[in-house]
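Each of the two complexes below includes chain A, the first together with chain B, the second together with chain C.
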Partner chain A sequence: MTFYKKHHTRAHSGLATLIVTALAVTGALATPAALAESPEEKGLAIAVEADKRDLGWVDSEAELKMILTNRNGETSTRELRIKTLEVQDPDVGDKSLTIFDHPRDIEGTAFLSHTKITEPDDQWLYLPALKRVKRISSANKSGPFVGSEFAYEDLISQEVAKYTYKWLRDEACGDLQCFVIERFPVYENSGYTKQVVWIDQEEYRAMKIDFYDRKDSLLKTLVNADYKEYLDQYWRAHTLQMDNHQTGKSTTLTFEEYQFKIGSNEGDFTSNRLKRAR
Partner chain B sequence: MLGAVFTSRAAVQAGEWDFSGSIAGELRVFPNAPAFDEQDDTRLSPSIAVEPEVVFEWNGGGDRITFVPFGRLDAHDDNRSHVDLRELNWLHVADDWDSVVGVDKVFWGVTESRHLVDIINQDDAVEDVDGEDKLGQPMINLNLFRDWGTVSGFILPGFRERPFRSNDARLRGALPVDDDNASYESSAEEYHVDFALRWAHTFDDLDVGVAHFHGTSREPRLLPRVNNDGRVVLVPRYDQIDQTSLDAQLTKDAWLWKLEAITRSGQGDRFFATVAGFEYTIFGILDSNADLGLLAEYLYDGRDEDDAPAVITDDDLFLGARATLNDEQDTTFLIGGIVDREDQSTSFSIEAERRLGEFWKMELEGRIFVNVDKDDLILNGIRDDDVITLRLTRFF
Partner chain C sequence: MPAQPGDQEPQTGAAGSAEKTTNAPINTSEDDLSLARSRARTGFDRSVISYAAWVLRWRWAALIFCILVAVAAASGARHLGFTSDYRVFFGDDNPQLLTYEALQRTYSKDDNVSFVLKPDNGQVFSPEFLTALRDLTDEAWQVPYSTRVDSITNYQHSFADGDDLTVQDLVGANLELNPAEIQNIRTVALGEPLLVDKVISGDAQTTSVNVTITLPQKSEDETAEVMAYANQMAEKFRADNPNVKLVMTGVIPLNNAFNQSAKSDLETLIPTMYGVILLVMVILVRSATGTFTALLVIGLSVVTAMGVGGYMGIKLTPPSAIAPNVILTIAVADSVHLLVTMLREMRKGASKNAAIIESLRVNFGPVFLTSLTTVIGFLSLNFSDAPPFHDLGNISSVGVAAAWLYSILLLPALISILPVKVKAGQGGAEKAAGMDQLADFVIENRKPVLIVMILIVVGLGAMIPRIELNDQFVKYFDTSLEFRADTDFATENLSGVYQVNWSLPSGESGGISDPEYLAKAEAFSSWLKTQGGVAHVQSLTDTFKRLNMNMHGDDPAFYKLPEERDLAAQYLLLFELSLPYGLDLNNQINVDKSAMRVIVTTDDISTNQLRTLEYAAAAWLETNFPAGKTEASSPFVMFAYISQRNIIGMLTGTVTAFILISLSLMFALRNFRLGVISLVPNLVPIIMAFGIWSIFVGEVGLASSVVTATSLGIIVDATVHFLSKYQRGRRDRNEDVEGAVRYAFSTVGTALWVTSAILVAGFGVLAFSTFRINEDMGLLTAIAIAVALIADFLLLPTLLLTVDKRRKQRGEANIGAPQIATKAAE
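And then the complex of A and B:
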């Protein structure tokens, strides 16, 4: 996969390069099942196609609510807003700004992340009580995000080059037909040995993901539901249900309506402006 | 509610109001009898603090007025019962600059054991001994965002004197402070206009800030004087200083390498002070969700205490540990100790906090002074004032 690290596929500005690269590896992109190819090539082709269909949305903003449920059925809630900037530079991933509204003791806390492909991300945290912006270590990708069953690595942009792939089979998933692929994290500090992803063949949306822990046993299952299409192209799930099979805890993440192309600029995603975030 | 806020944010025309804040009940426990006769033998000291926040935002978030008053009512320390204007300012945000006019709070720095370069705001020193509570500072602040970094200019008209504890209060120190008779080097006294300039930038793993401050020292010298009653008291003296500072953090995987350094003139000979160290985090310790951070910092301060305000951190070592459970209640523990390398005077600090339900937070703090040397100007005065604070905060 060194080839992909060099020419990884988040090449928004270099879409042509991307397609050429993908073709060189996979053969005909649009019909990955049509040619004789290895399960690895087919798995990668599916991921590349899914990524390609999600290029060009520029920026987005969404508010979301998390409901955390423990083994005894007790719940707690989180409310937050996430702004994301799709980065045109092919060597870096997207930038995101998360602002917490609830619970009230962390209201105004803001989290800035500059996602990288395989290197550690750059992350800053703004603590409103002290007015302090703190650069934090991004090495804990697998830790729980605000006490939920989502790890940080589950929520950040899923760049193609972050994994290697293997197609397993095609099967029905609800009313749809799905590709079932395995993906193996290549970035450092992942909490997973692998993930099994169900991707629908119509729109290339991830419908379900099984997460396997470092001991390769099934840890969590994520089910993405309530997909809506934006700008006639971009599909976003609005209900994400994560169940932890080992602890019995779960988290339901509900997105309100997304907004795209809201006119964010790079400056909104810099550490020196983090203290102004609201 | 979030929905309402968000919707109006998206369709901003008329502007929007946001109300929040907190009210906290606090009980301070002093296990020991005080060291000095004038101090009341207070063992249990309750107080209540209120800090509302009102924000009005308009022009699509491009303009914002923030109002944050603060007040505490303390059962025993009259000086700790106080009100302050933490913030009352107008923020204007443009594409590559922003500005703040009014009273605000500004934090600079990276280290944990001492906030050496943080100089814009006066310490609200009656609140706690950790230097993290600040009085609001009047300012005109302009920030320019450029590819080569952020430049921040501050004009600081009006100086806030440091508050001190009452004569009969715990933690007041060996001698009472007569803060009604503070004196200034500048003839303009508290109306001297101070200036500060800062450049901050991120180079990959490295976050750097360089700043200069010109104006009234936030730290007063405390000069002994015999007052009209024939008693020895300490009178604050505020000098004019120039302080240049550097703060830097290198973030490498689980390691945060931190440095703060200052050089200051105006209080005797020019002197140098620094705090340097690291924070290393072990993530997911013992196969759990908890993280354990290990902190170590060396503190040096070369000031001559005959000419400059006394500090405890002249040649000290700080060691600490932070446990973050990453649970639904955001439970964290922080323990640390600062040890003087010469006389082994030590101050310990313990902090624990946990959210209760959706709107409450419980905190426990301990400040414990051990092995205090008689010649330690600051610690010796509070050697018997170990304090454990229990705080319950309701957020709204």
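And then the complex of A and C:
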């Protein structure tokens, strides 16, 4: 699975579609500053542009290390691999396969997810100790991903249609200049009321995200760092730091090199193949 | 009244030399002064007289000075606040607190608000109630600082359907609550060990919504903020569901109750105390000016102390909120002494100023000594392990010192300024006849009285070990407080707020999946369930068993722990992947999966029983979990040790106070021997008070640790007064032992019981506190003061008659040369 992999928007009806079309026609995408543009329109336009810039990578694979830290400073490390398949249909999310390599007692456990835009995802888990694939049915998108501070919905593909948007302001973010937009989840079981995202104006990468919980209090902050560009087009962060402000816990994700266009196909992302996933 | 080690040298006198005062006093006639001087028997007397004349001369300056001091101090009161955190009862290095804080840093925090609900028809499993419960559960996520909400409706029920595993809310948002579904919900809820007796009662009549609160602890208002929101939710729920009883309990309401209790005590105890004071004034003083002045003195003393408390950054807690009452009690005693003497002099025909001078001459020493010993007693509270007692001690000490200052400066100045009306000839013959009879009785029956007294003391002392220390913090609060009533309801109908945690270390990363470890954890939880006082045990082993069953097509034969480590670890991974927002397992397992915690909810057991449980558990773990050391921890465990820790801490404080007070007393009496004899009537009342407590109450908490030191500072006064008069009788009047005892009875007997009555009434008022520790402390102190009077009237004289007489028979010299600056309250 990828982070902030951008996608086709759904075929929006009405105003949104009009705007997208208009933007596409004028090509005035670098700084969408059309006259009389509302903050909502501007926010959406930014998301659309970011999505557009991240199309066509087909599939990817990356290894990562997940370090969990509690308030006592105690840590725990998990190692995993994530394979992602870009799905062209804009109404459907990407497919991803997560394989756990460490700790030893969960080695070979594989998690397959077909993400959805506004419904619970389809999920399967292969348990090597049981030698069986189990389909999981739950409302866990907002739940913690294997005990970390990342919710599953923070990790999966960020389709445009998953949120509604509102541009807040432009401001400096480190050495860069960022758009600051709010986005509001459409999925009803989301754990968030909103997210505030800092997107750099040059490459449309999410640099930082503040997550607000169900009571609209700041819950956690994600900082994306060590961005690298692949295939001259696709930017991926390699260090993701999530701090929970309410519990004092944090999680760091460190990615190794990504590989793209490795020749995966739909068949590799089916529950039947899960047993043989390596 | 009592003695005072006065300065013998005039130049070191309280305020300037005698020469100065003869030259100047505007308001004091030569007659007044010479009358006073004629009564002066010591250099100290002369210094006091000079001081009195000086105060009268500069009465306006003295008045303004005192008011300025009070106003300056009082402005500190704006810094005063109330604490809403039970943790204030524990010092920063309290080992139980440290263990618990470490536990909370490893797992999630346990602070909570628990809504406990009972439908009137006793039907939790009805569509109407379940719908209301589901809505309340959803709304509870909006409580400020909430990080988790648990109820039977969002309980993560897992079940299998072939190779499909479903994990979902037991009462889902869109679930149609038809009879079949309700039956299913009922079966699941009542069959789940994690829920029964904790979230739902076994009789299915009461259930709860538990909201976990993680306070940022950045502002004092957080608890109030949570409570305000929760109260609003509760009110709305009650309005929408009039047929459901809803109460609130948990750590946040507990914290709030400390705040409420302190405020309520300030609001009710101080007015009650003022009522007592007015009564005392009406009976003893009978003068409008006198009463007004005394009220001003005691009022300013309290204001000064609270203001200084504010500057010291003190946040009020129930124990420190009674400081005003302590100050009022001591201050009124000071004022009454001064006023009674003064008014009596005036009724005998003395001019007002002469009466003031005489009153100061007679009372300056005693009032100083009383204040000094009381301050020492209260300052010793700084040795306590519980910071609220430091605050009580320090505020009270400042107040008592202020009361002393205002009594000897503001009071004479103001009385001198204001008109005082008395009916002449009224005073004089105080009825001491009763005292004379008492003296005769004691002297004639010295042996039987002494023996009976000794028997009583020994008998009461023998009862002390029967006292049980109990600090069930819920019971600290009076049933008039909502928290107590609500928590009692919750405990009776569902489960209480008393919990104990054990974190069970496996010794290695991911080790909780080790079958051997799981078996041991399961054995521990089973063992716990067999222990008395245990109402519920929460253990992740129950979750493992259920998952194992789910993974085998819900076959009940597999409701057992997984037998391989990898399997257990993968179940856990699966379950963790399935949990929704806010309902992770961090409250039960640590981040490294090397330890999990077992949470016991206890019945309404005493802290003694809790310690028994804890020792037994420690022994069990020692045998079965030798790898990792683990200790029980929770707020309940912290309170279970609070009395013992404080008693140990206060041992040093009490001994220090005792030594200092005894030294001041020896110095005041200027006699080592009498000082030693005085130890008996000083210590005996405390023994008797605890003995009486043991018989009539039987159980005591935190209050027990501090009462000895504080009451000692107060009860020594009576002893000193009696002994000084006795000594004066022996030395100045050349009486024999019997004569001196008679003299002591007739001169201070009445004053002693009047003072004791005021103090008993003042501390007795604390019995109306909403906080058990204050009640206990007030009552124990009142009992100690009352029995101290008995000891001074019955034990001390018989002791003197026995010991001093024997000494005389041996032909030794009588009481030695050192002079006592003793003044009769004739």
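In this section, the second predicted complex is superposed on the first by the 246 of 278 C-alpha atoms of A that agree within 3 Å, B and C clash if a C-alpha of one lies under 4 Å from a C-alpha of the other, contacts with A are read in each partner's own complex, and residues count from 1 in each chain.
Rule of thumb we're sticking to: a residue touches a chain if its C-beta (ideal position, glycine included) is under 8 Å from a C-beta of that chain, and two chains touch if they have at least 3 such contacts.
This structure is a prediction, so every number in the text was calculated from the model and none was measured.
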Fit-or-clash call for chain B and chain C when the two complexes are aligned on chain A: clash
A:Thr270 touches, of chain B and chain C: first, second, both or neither? first
Contacts of A:Asn72 with chain B and chain C, given as first, second, both or neither: second
Touching partner for A:Ala172 - first (chain B), second (chain C), both, neither: neither
Partner chain in contact with A:Ser137 - chain B first, chain C second, else both or neither: both
Which of chain B and chain C A:Ile106 touches, first, second, both or neither: both
First, second, both or neither for A:Gly147, with chain B first and chain C second: both
First (chain B), second (chain C), both or neither touched by A:Leu125: second
Which superposed partner A:Glu256 touches (first chain B, second chain C, both, neither): first
Of the stretches 56-64, 146-154, 200-208 or 290-298 belonging to chain B, the one that collides with chain C: 290-298
Residues of chain A contacting chain B in one complex and chain C in the other: 68, 70, 76, 103-106, 130, 132-137, 139-140, 142-144, 146-147, 189, 191
Touch list for chain B against partner chain A, complex: 2-3, 5-6, 10, 20, 22, 55, 57, 61, 64, 91, 93, 95-96, 98, 105-107, 109-110, 132, 143, 145, 150, 200, 202, 204, 207, 249, 251, 253-256, 281, 283-284, 289, 291, 326-330, 355, 357-361, 393, 395-396
Touch list for chain A against partner chain B, complex: 63, 65, 68, 70, 76-77, 79, 81, 101-107, 120, 122, 130-137, 139-140, 142-144, 146-147, 189, 191, 256, 259, 265, 267, 270-273, 276, 278
Chain A contact footprint on chain C (complex, rising order): 102, 105-106, 108-109, 141-147, 163-169, 214, 216, 509-510, 513, 551, 564-571, 573-574, 576-586, 590-593
Chain A residues touching chain C - in the complex, by the definition given at the top: 68-72, 74-76, 100, 103-106, 109, 111, 123, 125, 127-130, 132-140, 142-147, 151-152, 189-191, 213-215, 217, 246-249
